[in-house]
Amino acid sequence: MTNLPGLLDTDAIRKDFPLLDRIVHGDKKIVYLDSAATSQKPRQVLDALNEYYELHNANVHRGVYTVAEEATALYEGARDKVAAFINAPSRDEVIFTKNASESLNLVANMLGWADEPYRVDRETEIVITEMEHHSNIVPWQLLSQRTGAKLKWFGLTDDGRLDLSNIEEIITEKTKIVSFTLVSNLLGTINPVETIVRRAQQVGALVCIDASQAAPHMVLDVQALQADFVAFTGHKMVGPTGIGVLWGRQELLEDLPPFLGGGEMIETVSMHSSTYAPAPHKFEAGTPPIAQAVGLGAAVDYLSAIGMENIARHEHAITEYAVKRLLEVPDLRIIGPATAEDRGAALSFTLGDIHPHDVGQVLDEEGIAVRVGHHCARPVCLRYGIPATTRASFYLYSTPGEVDALVDGLEHVRNFFG
Amino acid sequence: MYQEVILDHYKHPHGRGLRDGDAEVHHVNPTCGDEITLRVKYDGERVEDVSYEGQGCSISQASASVLNDLLVGKDLETARRIQETFLELMQSKGTIEPDDAMEEVLEDAVAFAGVSKFPARVKCALLSWMAWKDATAQALGESEKKEKSA
Amino acid sequence: MTNLPGLLDTDAIRKDFPLLDRIVHGDKKIVYLDSAATSQKPRQVLDALNEYYELHNANVHRGVYTVAEEATALYEGARDKVAAFINAPSRDEVIFTKNASESLNLVANMLGWADEPYRVDRETEIVITEMEHHSNIVPWQLLSQRTGAKLKWFGLTDDGRLDLSNIEEIITEKTKIVSFTLVSNLLGTINPVETIVRRAQQVGALVCIDASQAAPHMVLDVQALQADFVAFTGHKMVGPTGIGVLWGRQELLEDLPPFLGGGEMIETVSMHSSTYAPAPHKFEAGTPPIAQAVGLGAAVDYLSAIGMENIARHEHAITEYAVKRLLEVPDLRIIGPATAEDRGAALSFTLGDIHPHDVGQVLDEEGIAVRVGHHCARPVCLRYGIPATTRASFYLYSTPGEVDALVDGLEHVRNFFG
Amino acid sequence: MYQEVILDHYKHPHGRGLRDGDAEVHHVNPTCGDEITLRVKYDGERVEDVSYEGQGCSISQASASVLNDLLVGKDLETARRIQETFLELMQSKGTIEPDDAMEEVLEDAVAFAGVSKFPARVKCALLSWMAWKDATAQALGESEKKEKSA
């Protein structure tokens, strides 16, 4: 077996993830290479969910009985854990949403309904990039349509990086918000946050960072990023589905208007008018995803116990190995940086003329799970003139052996359609 | 699902290329980017030609090739019956095991029975068939409404 | 033990709910009377969650590998189950949200951004009632503030029913939408849907029904209701937290604009513009609450196996008994209908001058879990001139013995503060 | 949590009723509807009177009564120290076991130690104390800013 420096003890880790023992197509052990779409869940997270439902389930806040106090403590405790995980200055800056998409829509809608100086309107501009996930494109297109603000974006270089050469024309005095991904889910590119934030600060624009592909894989320090908002999603970071996070700077959360209205987010309601609770509750309408927050807290504990630096080192080693091995496959073209530098563990590629659907299907017959399509980042496919890619993505439980299995599988695909 | 017949049609498509026609349509499968441009030519009620060009996976390519084989030369009623039978097979989620009667109608196309078990691929297999249905409606000047209620 | 006609076999049912064995305060078995806030979860639902995560977890839609196809089939299968449960004409009318609050906000926002004839603007009116949950008040207050539409509402009679005497003045030709609750979470009142729907149809207004307190407890038939939208929430109907439902009529879902933008809800995206998927996907941005939908599917199976008529009969028997027993307690005043007719299984009351917080706390020491406060329906408290109520609410696992325990507990409370 | 002392104060509140004052505030606990109207009267730096009226649970009522007992007659600095000590106790989540020194400062108010274990009730216990702090700031003409940074 290939041994690379920096690898985690995946034998031990994999024992925590029941799904990785799954057998498909009769006798094929699954080779799960789709963690960028969603990660698998360790036993520890499932245990936390079960324990919550079996012992502590009640609606949160305002309950005076034991189980309700426990549920509230668990839910709010999860907020503490997430706040610590991202080094938030205050726990009250952590808003629980249903997924990263809701988090990003929340930012767009806050700004659409905000008063000056935050208000986005026809005099102002919104900046995104061409490598965004649809969830960081469509909310801004909607905001632009609804307010008349102009939507602008950074293009991409041929090797899959942001083209920041015209940064001063893209981010201008008119820019109210710059929203971009820290790590691309299709290209794998890690973006130069500092350069963009510096320019945004120069012109007084807010910065929103989509950290959906970063939070699971590296140390995420919202203070170091110097952004105003950071969004990510639980299911990609060994947490449950149905939970996302928006971190926002306290002053902004105080000033900006609420988005969804309902129970939990109010201070006092009469038929004539209502006042709103302080953040984060102002932005959490209705019964929150209680069990899912508790599960995310357990996920964060799990990741922290292993150590985000160690996870990053592991993934870097696997990615470096995967880049090298994939480039040995004839006709394989990596879409995105063809090195392991400044890139995450998602690797997209095309294989000659063979359509990704066929690649994915034939790999599946070998038990290898990769994602095919535009990966909710269709503008990237348009940019590189391809209909779709095949994407393999790695996580803390991925092994060099799985990279080898992928490469063997791709050889088989080539022979099959050759 | 990759029957020999399907791979053959994929590697050596029949009737590919755009030729003269009475109507042209362009259909896209937005989830995977499969595309087809398809033209039909009628001689009265007889399918004189179905020509096409496109890009996509083996299933969508092979399916267009099979369509060309099956429909060209048929009268409209027969062609429609074939189209409907293929649709029924593809929407069966793997529950239909094609019998002799079906095989008589669908010929090579019965090879797609296995594809119906894969929901993500059914749309690929149907792309050209839906395009043909649409193009035919246009060529014969039927209103969309009439077509829908048919 | 008290035996009432119509009761379910609660001995058997209670074995399915692990939390009901919970011991609190040393040696007190929990008496859980807060199902209107959230229900407990049966083993069958927890098993479905675990099985999903351990065997079938993958992101849904577009995946061509085995586990992704399974996850998609499970998620979409849950939609089929929910559609059947509410007798929806089409599965595509069932939208998964994170909770009922999001469902209601979704309706309000669809209408706020809609074109004619649905558009809500300053020329038009919105109608709600004074007994709504905050989640069916605040979204409409926000819509009214944002569009200039006038917000109107039905008042309440002294015995806790809707005052429909002025229905023709409240619902007029200007009314675009009437949104009201089928069952009040505070008063327990079941509202006369038909009368309101008939008037709304006369003037061409849309009708949105908040069925959060109905779906768990009675047969819910969206066709029989003749409404345009019906909202409810999973966690109150033995399902997981983090999942809600909006049912909407197909033509409306086709015509109305999307709300949240992102992955999954698009047809095709370019940097310049996007087109949207057909409903329900148009309204489901981002990775959906997959496991939670699967859990809700299992919940619906569980409820259906017992039979919603049987559950309704059981709760009616318990409620009738509880009303009778509670009225024996000196100084106890029921807020809401003081009979079991046309009412659900939530019973609010005051106990002399003793503040509900004190009632709840002392009951908790006996293991009895009730909710105290305004129950997210503060206008009802204002209407009846009380700061708060104590609320006991029953479900399919509630027993007459638990009613007796509550009554004994209330005697203890009276002595304690007497 | 319902210590005898608390129940006594609840049933027989001390100093209840609104009397003359230098400043009046009205505080509400929106989550449960507890309300208090509170007036303070100063004689220089000495707390001459704290009068109040309100509705709420036993904890909020008893706490106002205890406050009246403890603060009336004290000089401002002592009163502030008492208020801060009480705040500290209530925010301790049950981790502080009041010692003799604390008992000397808080007297009857140490009975509230148990309440600090119940997050939902801490706000009830603090309602009158926060109102007093606010009223005092107003009476002494301190700006809110100054008060906040104190």
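For reference, chains read A, B, C and D in written order, and residue numbers begin at 1 within each chain.
Just so it is clear, a contact is a pair of C-beta atoms (placed from the backbone, for glycine too) under 8 Å apart; a residue touches a chain by one contact, two chains touch by 3 or more.
Just so we're on the same page, UniProt names per chain: A, C = cysteine desulfurase.
Here the structure is a predicted model, which is why all the values come from computation and not from measurement.
Chains that touch both chain A and chain B are the following: C. Seen from the C-alpha centroid of chain A, the farthest chain centroid is that of D.
Taking A-D and C-D together, the chain pair joined by more C-beta contacts is C-D.
For the pair chain A and chain D, the distance between mean C-alpha positions equals 47 Å. With centres taken as mean Cα positions, chain C sits 31 Å from chain A. Centroid to centroid, with C-alpha atoms defining each point, chain C and chain D lie 39 Å apart.
Centre to centre, using the average C-alpha position, chain B and chain D are separated by 80 Å.
Multi-chain contact residues of chain A (touching two or more other chains) are listed as 62-64, 68, 266, 268, 357, 361, 372-373.
For chain D, residues touching at least two other chains, in rising order: 31-32, 118, 120-121.
Chain pairs that touch, as defined above: A-B, A-C, A-D, B-C, C-D. Within the complex formed with chain D, the residues of chain A that make contact are 61-64, 68-69, 72-73, 266-268. Partner chain C is touched in their complex by these residues of chain B: 28, 30-32, 118-121.
Contacts from chain A toward chain C in the complex involve residues 18-19, 22, 24-25, 30, 32, 34, 37-38, 40-41, 46, 49-50, 53-55, 57-59, 62-68, 98-102, 104-105, 108, 113, 130, 133-139, 141-142, 146, 151, 153, 233, 235, 240-244, 258, 260-266, 268-271, 273-274, 285-292, 357, 360-361, 363-364, 368-373, 376, 378-379, 382. By the touch criterion stated above, chain B contacts chain A in their complex at residues 1-2, 7, 10-11, 31-35, 55-59, 118, 120-121, 124. Of all residues in chain A, only 355-358, 361-362, 372-374, 381, 387-388, 416-417 touch chain B in the complex they form.
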